[in-house]
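In what follows, chain A forms one complex with chain B and a second complex with chain C.
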Partner chain A sequence: MNALLALIETIIIILIGGLSLGIARKLSARMQRRIGPSIFQAFYDVSKLFSKEPFYFKRLPIVYAISSMAFQIAAIFILIYGGDTMMAFFVSGAGAVYLAAGAFASPSVYSWIGGRRELLAIAAYEPVLFVLALSVSTHTHNIILIFPAVFIAMVPVLSVLLERSPYDVPAAHQEIVTGPYAEYAGPMLGILNIAKWAQLGFVYVLISMLVWSPTLAVNLTLKIVIVAAAVFITILIDNATARVSRKTMIVTLPIITLGLMALNIAVMHLAGII
Partner chain B sequence: MSFQEIAALMTIAVPLLAAIAVFTTGKGRNLQGLIYIAAIVISISSIAMVFGGLNRFTLVFPEFSWIVILGLEILLTGIFLYYAFKLKSIIIAAAAVIEIIFSALSPLNTAPPLAVDSLSMVLILITSLLGSVISIYSLHYMRNDERKREFFTVIFVFIAAMNGAVMANENSWFILFWGVTSLCSFLLIKHPETHEAQKAAKLALTINTAGGAALAVGMYLAVSYYNGDSLESFSSASMAVPAIFLVAAAMTKSAQFPVQSWLPGAMAAPVPVSALLHSSTMVNLGIYLLLRISQVFADSPALSAGVAFIGLISFVAAAVLAAAQSNAKRLLAYSTISNLGLIVMCAGIAQPHALMAAIIFLIYHALSKALLFLTVGSVKEKTGSEDIEDMRSLSGKSSFLTAALITGIVSITLPPFGMFASKWMIIGAASANPGIIIPLAIGLGVTSLYYFKWVGVIISPTDPAVKDKQPKEYRFSISILLLSIIALSISIIPVAQSIARAASETFELSPDLFTLELSGGLFPLVIILLVSIISFLAFFIPPKGRRIKGYACGETEQYLPAGEYYLSKNYQTIFKKFVYALSIFTFILMVVVGVL
Partner chain C sequence: MSLKNSPWVMHFDTGSCNGCDMEIWALLTPYYDIERFGAINAGNPKHADVLLLTGPVNKKSASRLKNLYDQVPEPKVVIAVGDCASTGAPFQDCYNICGGISTVIPVDVFVQGCAARPEAIIDGFSKAIGILEEKRSGRHGSERGDKVAGAENAGIQSQAGHDSGRGER
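For the complex of A and B:
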């Protein structure tokens, strides 16, 4: 029974991940005074992708695409079911790595370069997610009051995951089309899109765990507000900045985020709170 | 003598006998049969010992055995001095003399010379089983070698010494076996007799005899001033001063910054030697020593933080250096330093979960490193190169070797394999010191970067695929490792449970401290296993749809992307200097604070 409930919640969270992509596009468009696509655009895209003719080059990229999706969904499920946060984090990380592996196994230079950049991005953002997951798993209640830096650090991470400037390096549209996704088409691209939704959903759940309230309504509102705030700030920054080079990314992203969090931890440690 | 005691003794005696037999037989077929028999008997006796139960037992020898040990130590010193003279190295000579003086000065004591508990058993299993597989692999790999008899003699002595060292309880026995492993590693690295190998061997001997001297001094101090007659007596902060010497010795064996340089140098040796040094012997001994004396760290915050940070520095720095290597063996050497750094960190934290993490990491690391090195050796025979760029599209040429490499890499980086290790480690680390968390996170990120960059090169496809013959000769040893990794991974739950039990017995702490920490019960784990199995099976389901060819946006010219290695030689040197300074500073800080 518990497992069934967790499964339903997992599906809802994946859908929220997909919805957030549409909302992000709409928001971005409104900021640029465009009308923008419908907020359900991500769902339309994927349903169309599944109606396309399947074709493939080799088995390996397909295996990795399916693994990526399976691991991302499993990560959310484990988190919701009440398995540990750290365990879920590792499973989600595996899903991210399989995406890069799929790009490497594809028969094109563009996808290969995309895969390499994806890997670099993973090395830059996973440590931040790691600290978030750890702070969520070792503390309870309103963690944001103890670790405000963790929330701030999530903004650059979200800009990688939502493929937004300044850190949209793997999917750099001007040079390599869609990065690791370059060689996927049809249903397989659809599967990778769902993997992306799941990954976003996973991160949103982690972010939402930063706040807590005993009343259900307040609790839910708080969680929605904090996730929406993170997405909104990410889009705002996206519209105000240009994409950085990957060297700048690998240097600035960890330094800004981890530096802030280190400062946070140090201050709290010295203050005797943790 | 009980059956278990005989089996334990056999894990030392059989390799020694095998060494003698190999050394005295002629060339040709004899050797092959002999090595197969020796490998099988060693494996069986180590497994038989474990089946006798995980309880601790001691082995007592007649009174006069100390004379034999002293005689052997003098002989060992003589050999060290001979090589010191030959290599014109004052450091080696001085270290050898210090070692013999201090171990001869140590008063006699009554501790049982050999004691086997569950930690020793884990190490004996690793050494005996992996050592046997590696020696079988070497049979074919070293087939054209002129001096293969000497080579195998040293390998078997090495296995015997390693088994002896992890059983040794009394100080002088431990020092003797420790010295023998240093000597064997020197002889094996020197084996190709090239200029590079000679240089690397000299460096290894210098660092390791210095470590041996530190060990002897530490043990002497322990016996003479702190009433510590055996490794077991290292159990509280009152032993901090001798423990510091032991930590220094362990750092040399386990190749931690700033004394790590001998391990990347040792890649001049043939592949089986690297596999032996990195997985089944040598580097594990330092970790073993640290785990043995970990109760000192648990009692002394200064030592604990010092050791943990030395491990942490090695973990992160070696991972960054590994990302800059284009040679597969060199990459593996740095990754060993890095992974060992993680284990050293766990031993330093000395909190129950960290200790469990150290043991499980030790097992998975040994298996995966053995598999990776042996596979790289086979690839080298196949393609004539051990450079990562030359392994491009290996998946098109040999699916077996590709599977072996990927399994080796995945088994220590991704769930469900190395996950428990990481999880426990993090629980331990987080509760011990919040300063560890962020460097740890960076190190984990870089680790996945350098490993999967390599995977990416291997699995990048060729069009059309080139089909080569699969290597038959190495199939046996590589398959065994492959299967045992998969078996261990599938049975992760019972493995984790038995490691928890072994850890609580070894460290004599309540079993309640060594829980598996599964908040959601076993169900999430089952889900992870299920998902892994699904992605494994996905490979065997034929894909639907039309098969197409690769497309490069209309470009006709075929070009391949070159690998990215981030740090040039110059930057690597600067980075290394910085890390040396940092690690020496940490060590000195630890000594100063620890002694005061």
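For the complex of A and C:
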């Protein structure tokens, strides 16, 4: 019974991940004074992809794509079912690595460049995500009051995951014909999209664990507000910046985010709070 | 319902004067905002549903065009944007020109104008989305009594290999 409930919650979180992509596109369009697509665009896209002709070239990338989705979904399930946060984090990380592995399994050069960039991006954002997972697994209640830097550090990470400037290096849209996704078509691309929703959902759950309140309604509102704020700031930065090179990403992303957190811990320690 | 709401576009220039390409890029600006139809510029044939093509197809690009067309998964539609993409008009009878997209691959929608106006391209685009939906449900061409969808283009398709082969030489 408990497992069933956790499963339903997992599905809802994945759908929220998908919805957030549509909301992000709509927000971005409104910021550019465009009408923009529907907020359910991500669902339309995936349902279309599943109605397209399957277009496979090799079997290995398919295995990787499905594993990537399975691992991302498993990560959310572990988190919801009350499993270890760090365990969930590593499972989600494995899902991200499978995406890069799928890119390397295909013969296209663009896919290879994308795979390499994906690995660099993982190297840049996983440590930050690790610290977030660590802070929510070792502290309870309103972590954001003690570690506000953790929330700020999530913005660059979301920028990578939502494929938004300045850190949208792996997919990079036109530049390398969508990088790790280059060789996938039709239903397989749909599966990778669902993996992306799940990964986003996982990160949203981690972010939402930064706030807590004893009353259910206040608790839910707080959680939604903090995730929405993170997405909003990411889109705002996206519209104000250009894509950086992969070298700049791998240097600046960890230094800014981890540096902020170190500063946070130092200040809190000196103030005698922790 | 699904295809209509998310037509992903791939734009390819087969050797045009770039006039129509600028009009196509204008579609992405806030003024015309083609993204409100759910369209994105995929830039990758394997992700595309709609091929937005410009240019009279010069001999070098014919084989590339055929290659790109073959990489787009079904169902797909092809839009020839501009007079030169439709008939080769301003470049007609040039030594290096095949004379329009339809000499290499089957075209579903022709948009006229030199350069084609963005409004006309959007009009052609919405027609193309309708055809895409018909193709998915297998209704395309049925009003004319065609047995196989796109059968009217079968001759042209066999011509394609010939043309692109000539382009290689």
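Please note the rule applied: the second predicted complex is superposed on the first by the 272 of 274 C-alpha atoms of A that agree within 3 Å, B and C clash if a C-alpha of one lies under 4 Å from a C-alpha of the other, contacts with A are read in each partner's own complex, and residues count from 1 in each chain.
Criterion: a contact is a pair of C-beta atoms (placed from the backbone, for glycine too) under 8 Å apart; a residue touches a chain by one contact, two chains touch by 3 or more.
Keep in mind the model is a prediction, meaning the values are calculated, not measured.
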| item | value |
| --- | --- |
| Partner chain in contact with A:Leu189 - chain B first, chain C second, else both or neither | second |
| First, second, both or neither for A:Ala29, with chain B first and chain C second | second |
| Larger contact residue set on chain A - chain B or chain C | B |
| A:Asp45 touches, of chain B and chain C: first, second, both or neither? | second |
| Partner chain(s) touched by A:Tyr167 [first = chain B, second = chain C, both, neither] | neither |
| Chain B versus chain C as contact partner of A:Glu53, first or second or both or neither | both |
| First (chain B), second (chain C), both or neither touched by A:Ile66 | first |
| Partner chain in contact with A:Pro37 - chain B first, chain C second, else both or neither | second |
| Touched partner set for A:Gly115, first chain B, second chain C, both or neither | first |
| Which superposed partner A:Thr178 touches (first chain B, second chain C, both, neither) | second |
| Shared chain A contacts, counted only where both chain B and chain C touch the same residue | 53-55, 183, 186 |
| Touch list for chain A against partner chain B, complex | 3, 53-60, 62-63, 66-67, 70-71, 74, 77-78, 81-84, 86-88, 90-91, 93-94, 97-98, 100-101, 104-110, 112-113, 115-116, 119-120, 122-124, 126-128, 130-131, 134, 138, 183, 186, 254, 258, 261-262, 265-266, 269, 274 |
| Complex contacts: residues of chain A adjacent to chain C | 25, 29, 32-38, 41, 44-45, 47-48, 51-55, 173-174, 177-178, 181-186, 189 |
| Chain A contact footprint on chain C (complex, rising order) | 1-3, 5-6, 8, 30, 33, 35-38, 41-44, 46-47, 49, 73-75, 136 |
| Complex interface listing, chain B residues touching chain A | 395, 413-415, 419, 422-423, 426-427, 430, 434-435, 437-438, 441-442, 444-446, 448-449, 452-453, 455-457, 459-461, 463, 517-521, 523-525, 527-528, 530-531, 534-535, 538-539, 542-553, 559-561, 564 |
